[in-house]
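Here chain A shows up in two complexes: once beside chain B, once beside chain C.
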Partner chain A sequence: MSTGGLLAAELRKTVTLPAAWAGIAVAVLGSIAITVLNALTTRSAIDAGTPERVANTSAFETAFAAMPLGTVGAVVLGVVVISSEYAANSTDAGGGRQITATLAAIPRRVSLLAAKATVLVLLVTAVAALTLPATAGIANAVIGGAATETVTPAQALVRGLGGTLYWTLTGLIAAAVTLLTRSGLIAPIVLIANSSVVSVSLLLTNLTPLAHWLPDLAGRRLFTGVDTVEGGLAAGPGALVMTAWTVLLLTVAAVVFRRRDA
Partner chain B sequence: MLLIDQLVKRHGTRTVLDHVGFEARPGRVTAFLGANGAGKSSTLRILLGLDRPDGGTALVDGRPYRSLRDPLRTVGSMLDGSGAHRARTARDHLAWLARSNGIARRRVGEVLDQVGLASSAGVRVGRFSLGMGQRLGLAAALLGEPRALVLDEPVNGLDPEGIRWMRGLLRDQAAAGGTVLLSSHLMAEVADVADDLVVIAGGRIVRTGTLAELTAGYDRLEDAFFALTGGDEGAHR
Partner chain C sequence: MAARAVAAELDKLRTLPVVAFTLIGTVVTAVVIAAALAASGAAAGAPSSVVELVLAAVPFVQVGIILLGVLPAGHEYDGRQIATTLVALPDRARSLAGKTTAAAAVVGVGAALSIGAAFATAAIATHVTDLTLTADRAPWRLTGAIAYLAVIGLLAHAVAVAVRHLVPALVAMLSLMVIISPVAAGLTEHARWLPDRAASQLYADTDAVLTAATGPLVALAWLAAIGTVGALRFIRLDP
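Right after this comes the complex of A and B.
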């Protein structure tokens, strides 16, 4: 089979899955909604002469505060591209799983996983290319000239790319964990709770500085800028560590997937 | 031609397949008969590269399934129903399958017509009945116009008219020189369609031969089957 055909098939498979659109909607529409709320709050604080009520009056920072929702969307996408293969159909319809049809059509399992990872990277990048300019534009339109922008266009571009990389790597980690566990539950519980409810990794840094080398904390400077918790890895080395985690997990998942019964 | 040779499969300490071997030849319908749990699906899953054997080989035209290029054009298969995700429509399911094996897009409409699902092409698979799921699974098997068909319990859930239609389809495939291997635990359906029979019980092949050879001395295939497999032993496993 051709690589192009394989990629086209996996892309088509993903975009005809309603759950994938839920992930995309969380990232795009969720981020836009949060940005509108945040920007209106900032604007009203400025207009009322009390800008100290908000953490930052920069339009870019206001837009960037919605980044965690993109992480959630990337995790959902990473999980569903794999978990949809293992979800059982209703017993009325035979109770089969899609993985049977997938592996009958595409028996080369490592190529299959590579195609799925590529589709995931493409989709998450497309979501970022849509979401980041949209939220920045909205925040700019609402806050506009009322506040001075503290982030230069060059900084904004670097942090936008860094955030996109963080989303992509998190999505790939979610896919690898889902493939290893064949469950659509474990990866989202760990990754979404950890990035939005309470950061277990961050708590762990109180016990050992080694926790700064966990994938999520290593990559944290990719989009959180400098005004967060002290310590840990800088953006560049952090990105390398997070990428290494992703490659390691995908490799382990590929080895297990190739060997085990479908 | 499908060749299964000395297959062994263990789950923990339990031996599921104990040196299973047989062949399915072109131009013939081969029925793989056994009670539930006798090892039919395990054998077919290894043949299709889904599970790994602990010993032995399973070959399609002399090659392992996993090494086939565009396998859907060589072997059409159906295991546990349609294999479609419940949230996807029948048409979308067949469309990605076609794309993955370089099969012309027009085949999607053709096979939907052929299995009688044209009017349900846009319905989500989760809303399908068992019989519709079987028809969709068969549509997927036929998609690449393969020479060989491997079907696990294909008449499951089909109504009498559907069973009759399935028989005609399998006979046509064999008449055109194709290879057909189907598993079943329903003797009556098989007696009318099979040329060759392979009987498995408790993970071992107990008999292979033509329909006439196996039923010689018995009134019905069902009687022959129970005599060969030692009654309903398989059902108690």
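Right after this comes the complex of A and C.
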């Protein structure tokens, strides 16, 4: 199978999964819903003359506060790309798993994993390209000229790209963990819970500064401006550390995937 | 017959390795988090108390409880075990009642064990570390925390029955509890009506409107609404 055919096959498999669309909907529609709520709150606070009631009146910050939902969407996408291959079919239909058909069609396992990762990156980037302008536009429309924008367009672009990178890397980590465990349970629990306020990594930073080197915390400066704790790595080194984690986990997953029985 | 339906469902859960792993994982999480909270409190010099530490661990423990609540109904649809279940017990209402009772039992046990483990850990940790102790909050709040976790677990069960898929139900519950609820709470005061915020009044007396009595009622209304949707779907529609 050619590289193009492989990518097309993986893309088609993924976009025909209802769960993948659920993930995309969480990221796009969920972010839009949160942004509308947030923007209306901010606007009413400004109109009432009490802007100090909200954390920030900038339209871009208002939109950017919805970023955690995009992380959930990326995790869902990363998980289903892999877990759909291992989910057992109905016993009425033989109880087989799709992975056996996939590997019969494309026995080069590392190429298969690379194709899956590429499709995941494409989808997450597409979701970000849709979500970030949409939420920023909505926040601008609602808040409009009522408040001064404190974020320049250049900063907004850099932070948008940083957020996209964080989503992509989180999605890839979710895919690697799902491939290692062949179960869709572990990755959502660890990654969704950790990307929230109920973060074990965040708690660990109180005990040891080494926790700042965990993938989710290393990358969190990519969201500069979103409330985070002090300390830890700056955006650039943090992004490198998170990328290194992603590459490491994907490599381990690839080696295990290549050597074990499907 | 009702007792046998419950026994059958409990037997299924007993023989499901992931349930045992989740129970152990939740208790271990409770122990580790309670110890970590005590150690970080001691390191920061922030005064705290044993009950306070246990209550601070509840948001972390609830993640395990959510998985525990999703599993009894969700695993039936991970594959087609539901077909076998309904062949064995075609009375759908009775089957669902048995499953819900079993889910309530496993969630209740998980909640009690993890809060107990967190309490024991916090009690030991406050002696070992040089944490400044404050006067203990009312110990009945520990019971409230167990009740809160049980409500959250049952809500997860109701969502799993309504959604009929394991991972989507898990992701939906997790997103609601740990992402949407905190984000919404930062945006609008109406977030207090969300099920977890309302139920948290069982242990966390933080709300201006809801109390330890009315908060759980709001959560129970959510539970009844989602449970009704799930039950109707389970009883009326094709499995």
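The working rule: the second predicted complex is superposed on the first by the 258 of 262 C-alpha atoms of A that agree within 3 Å, B and C clash if a C-alpha of one lies under 4 Å from a C-alpha of the other, contacts with A are read in each partner's own complex, and residues count from 1 in each chain.
In this section, a contact is a pair of C-beta atoms (placed from the backbone, for glycine too) under 8 Å apart; a residue touches a chain by one contact, two chains touch by 3 or more.
This one's a predicted model, so the numbers in the text were calculated from it and none came from an experiment.
In the superposed pair of complexes, A:Leu69 makes contact with chain C only, with no contact to chain B. Once the two complexes are overlaid on the shared chain, A:Glu52 sits clear of chain B and of chain C alike. Of the two partner chains placed around the shared chain by superposition, chain B is the only one that A:Ala101 touches, whereas chain C remains out of contact. By the document's definition of touching, both partners, chain B and chain C, reach A:Ala19. Of the two partner chains placed around the shared chain by superposition, chain C is the only one that A:Ile189 touches, whereas chain B remains out of contact. With both structures placed on the common chain, the touch criterion links A:Asp261 to chain B but leaves chain C unconnected. When both complexes are overlaid on chain A, the residue A:Asn38 reaches chain C alone and has no touch with chain B. The intersection of chain A residues touching chain B with those touching chain C, taken from the two complexes, comprises 19, 87, 90, 92, 95.
Residues 18, 33, 36-37, 39-40, 43-44, 59-60, 62-63, 67, 78-80, 83, 165-168, 170-171, 174-175, 178-180, 182-184, 186-188 of chain C are the ones that touch chain A when the two sit in their complex.
Against chain B, in their complex, chain A makes its touches with residues 1-2, 5-6, 8-10, 12-13, 16-19, 84, 87, 89-90, 92-98, 100-108, 259, 261-262.
Here chain A touches chain C in the complex through residues 19, 22, 26, 30, 34, 37-38, 41, 55, 65-66, 68-69, 72, 75-76, 79-80, 83, 87-88, 90-92, 95, 184-185, 188-189, 192-193, 195-198, 200, 203-204, 206-207, going by the rule given at the top. The residues of chain B lying in touch with chain A in their complex are 45, 48-52, 65-72, 77, 79-89, 92-93, 95-97, 99-102, 125-126, 128-130, 132-134, 137, 140, 156-157.
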